[in-house]
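Presented below are the structures under discussion, each in the form of structure tokens.
Two complexes are shown next, each including subunit A; its partner changes from subunit B in the first to subunit C in the second.
The block that comes next holds the complex of A and B.
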């Protein structure tokens, strides 16, 4: 079966796979441990159950392994699985859509349909199946049927948005998501997805608004401050650079120095100081600019010495050139 | 203009696509060129997956430029794979390519035909575009990739080698992830 399938359908374990690339970093170590166990004991029921559960609860996306080992598990008639089998069937079904494995998808779906013939949840899966087959109109009518009876069914609304996104109808997806957020304004995942949609259209101001909402509801989370800073920088201009500098700095204040946020915020801060210096007269107002850049440079080089010593000479040159520009 | 690409560079691009199949990916091509005549690509440096934002892009460009200087190489191309199946160079791709082009002349923008990325199809998935005034026009000369490369790629993918590929996103999150990906693709 063809593992590689590029489609806009964010075939999901949760709803979207928007995690700004962070959760996969966080889970990398644990996931690696699970994968190693799976390699050693590919047919062991317990190992597979633990892996599937880990992936399911953390909304990760390793469809290739889920299909391979999920299929093995489902063929075993082990008493160990119990009621978990339905969640696993759903998980393997979605994963098999992701990897374009029609046989396994059909098998899982028929088992679920037989067990829960009138379930809305299974109906939504039917919609997913149609989407995977490219039958967007049919999928749309299934979702509309569900929404006709339950207008605020969250997973289905999100599925409608995902489908619009997959079909390239970005402005409609944005409109629908905005409609959803008017009601469910606390949905972090949805704000993240909306930000991504705006960024794909380079609508920086709108994306900034999303990150502002995220910061307001999660003021302790470094990710949103950092992404906000990145979008401000992308918007460009002296005022935005100044603000970006504050937000990168704040990220460094509140994040764990070992986290990926710290490294990226340091880089963002260095680049921003460098950009500010090229703004001519106005930069004279920022007397700390060079000092801040220098601080970043020291911190970054310390990290490189620790983690990638072979890259230190390269980074020293890059930062030296940026410093010259900052001091000019 | 004739464009030549070696095993290492082509493989890294495909592996980058396989690592992030549901997201946009982009990266740079390094190599040598002859004014107005040809471009020879000898390596690929994967940049980002998902949304590309200015601060990280600027830093990545500075680092790659410095690296090129140290190895007497140049940035000769920029590749970009869209999130969905449409294969036209997106507005963002053109923007980034134009930015790089302002520093480096004789430069090609490559888009990846998502349908052809699977090496089992033995078709080149890269389409090159050259700058013509304000626009990017398709290069009349087609990229040749020999079949040994495709066979090697099929094996690499089966061994899940794409999981070990590092792009600049991975590198900026943790500097020990090497964006040069040395030894990833055995030539």
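The block that comes next holds the complex of A and C.
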């Protein structure tokens, strides 16, 4: 539980906010309600069933709670579970791999294997299990077996990419993911992953392409605009800084002021303005640059005064340094 | 019960036996609908394996549509390069498809596996109909089976009183064939209740006319691609973020 302390969460049943803020914003309230119920009735079959199905259908990642309560549920062997038990076994299995709980993982896997001895889906879980044990070569051979029968088994292809990424073979992972995306062009999750891979290799131009693809698929999501702006800023250059400025502003225009995007976009905007101003002669064309920077500074300091007043002097120093560059 | 007797008495006496017969027919039809439904489910699962080509085509079209709709959110240079990616005369995605050499060969008849699936489906649906029709006629030959609550004109007599010889009988008394049709249409309600979804073995839907239910093959993909290409050429790119910065500064949001 000191993991939770480190992340600033007070209770084990608190709700995490992740960096991209995509699913957790939407689900925070519902998840909180479920967690409170779980805290009060930790062994109630119905409560656990609802929690597990909520997490499963919304693709959330609360492996700690899933393992703890899933284990309780599976030991109860209640008739209420019915056919759902296989989906729950799969869910608890994956969660127990996540939390490194070997006993529960083995139990779940043996039950699944007994019931579905010839299933591709269970075979993939077997591959996952081998990966968790560190036996990457064996896992790889299982995935290759599956792909030999069904070359476009999407979860297995994604698993292979994840394995290559975990093994550090980023260029191979990129190649495999590109191959996949040539066919399944609409998979936003895959484009996101590809962008991350490119960024880890500092291939900014390619990452920009991925984020453009994501913007095209969902132009009203602030995350994609913000990340696109951040990559443009990292690439550098006058044109890119100008574009980045516009995209940061657009993010602020479309995002919820309370969301994590707002703060990051404000800081990004401030940094971009100061970077623009340091471009010398060309920057003189942007008469409003200083005005934008001042606006950002005001808003940022107001937010810090409200949420983290002890950090205000630090922020003022940082912004002042940026301001020097802007006015130079 | 024979309809050669005077009429009402005979009908009253034999009603218990004929009731049993009718009920059994009803039950058998109901159970067979369920069985057929499950068989059809097993069969249609085999069709779901799309070829890679179809997937790529569908995805390309979706990607094109996304580009068209949301082009204004990306910078002009990115949009231009994507448009070139699709429309380039040599290497563009949309220009790769050539029109088929023999237009007759392209279409549902050319694909033997699809044709087989379609005919298999038809046979499976038609066979029980024939079997039950024969069963019905054989067992209930010459019997008055039911009394409809409404009168039809005399012209309908040959159809609804197929095997009954007495002439002056009311048209509200019907024979087995009309019972068969009544059961056919009446069971739809109960089967939707029992199976909870669209009944895959529903013959009435077949009768409503689904002549070419053979999947996608005869959509001419190169024509679709060509029209998409032209649509892309016509897209006017207006960058939506032109005034993003000034909008932000003038808004009250923060």
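Everything below uses one rule, namely that the second predicted complex is superposed on the first by the 270 of 328 C-alpha atoms of A that agree within 3 Å, B and C clash if a C-alpha of one lies under 4 Å from a C-alpha of the other, contacts with A are read in each partner's own complex, and residues count from 1 in each chain.
Convention: a residue touches a chain if its C-beta (ideal position, glycine included) is under 8 Å from a C-beta of that chain, and two chains touch if they have at least 3 such contacts.
Bear in mind the structure is a predicted one, so any value in this text is a computation, not a measurement.
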Partner chain(s) touched by A:199 [first = subunit B, second = subunit C, both, neither]: first
First, second, both or neither for A:121, with subunit B first and subunit C second: neither
Subunit B versus subunit C as contact partner of A:307, first or second or both or neither: first
Which of subunit B and subunit C A:186 touches, first, second, both or neither: second
Touching partner for A:317 - first (subunit B), second (subunit C), both, neither: first
Partner chain(s) touched by A:219 [first = subunit B, second = subunit C, both, neither]: second
Partner chain(s) touched by A:250 [first = subunit B, second = subunit C, both, neither]: second
Touched partner set for A:267, first subunit B, second subunit C, both or neither: first
Superposition-derived comparison: subunit B or subunit C, residues of subunit A touched: B
For the subunit A and subunit B complex, residues of the former touching the latter: 2-8, 10-11, 17, 20-21, 25, 61, 64, 166, 168, 196, 199-200, 202, 229-231, 233-234, 236, 244, 260, 263-264, 267-268, 270-272, 275, 303-304, 307-308, 311, 314-315, 317-318, 321-322
Residues of subunit A defined as touching subunit C within the complex: 151-152, 182-186, 208-209, 212, 215-217, 219, 225, 243, 245-247, 249-250, 252-253, 257, 262, 266, 288, 291-292, 295, 299
Residues of subunit B defined as touching subunit A within the complex: 17-18, 21-22, 49-51, 53-56, 58-59, 62-63, 66-67, 70, 81, 83-86, 91-92, 95, 114, 117-118, 120, 157, 160, 169, 172-176, 178
In the complex with subunit A, residue positions of subunit C that touch it: 52, 55-56, 59-60, 62-63, 66-67, 70-71, 73-75, 78, 82, 240-242, 244-249, 251, 253-254
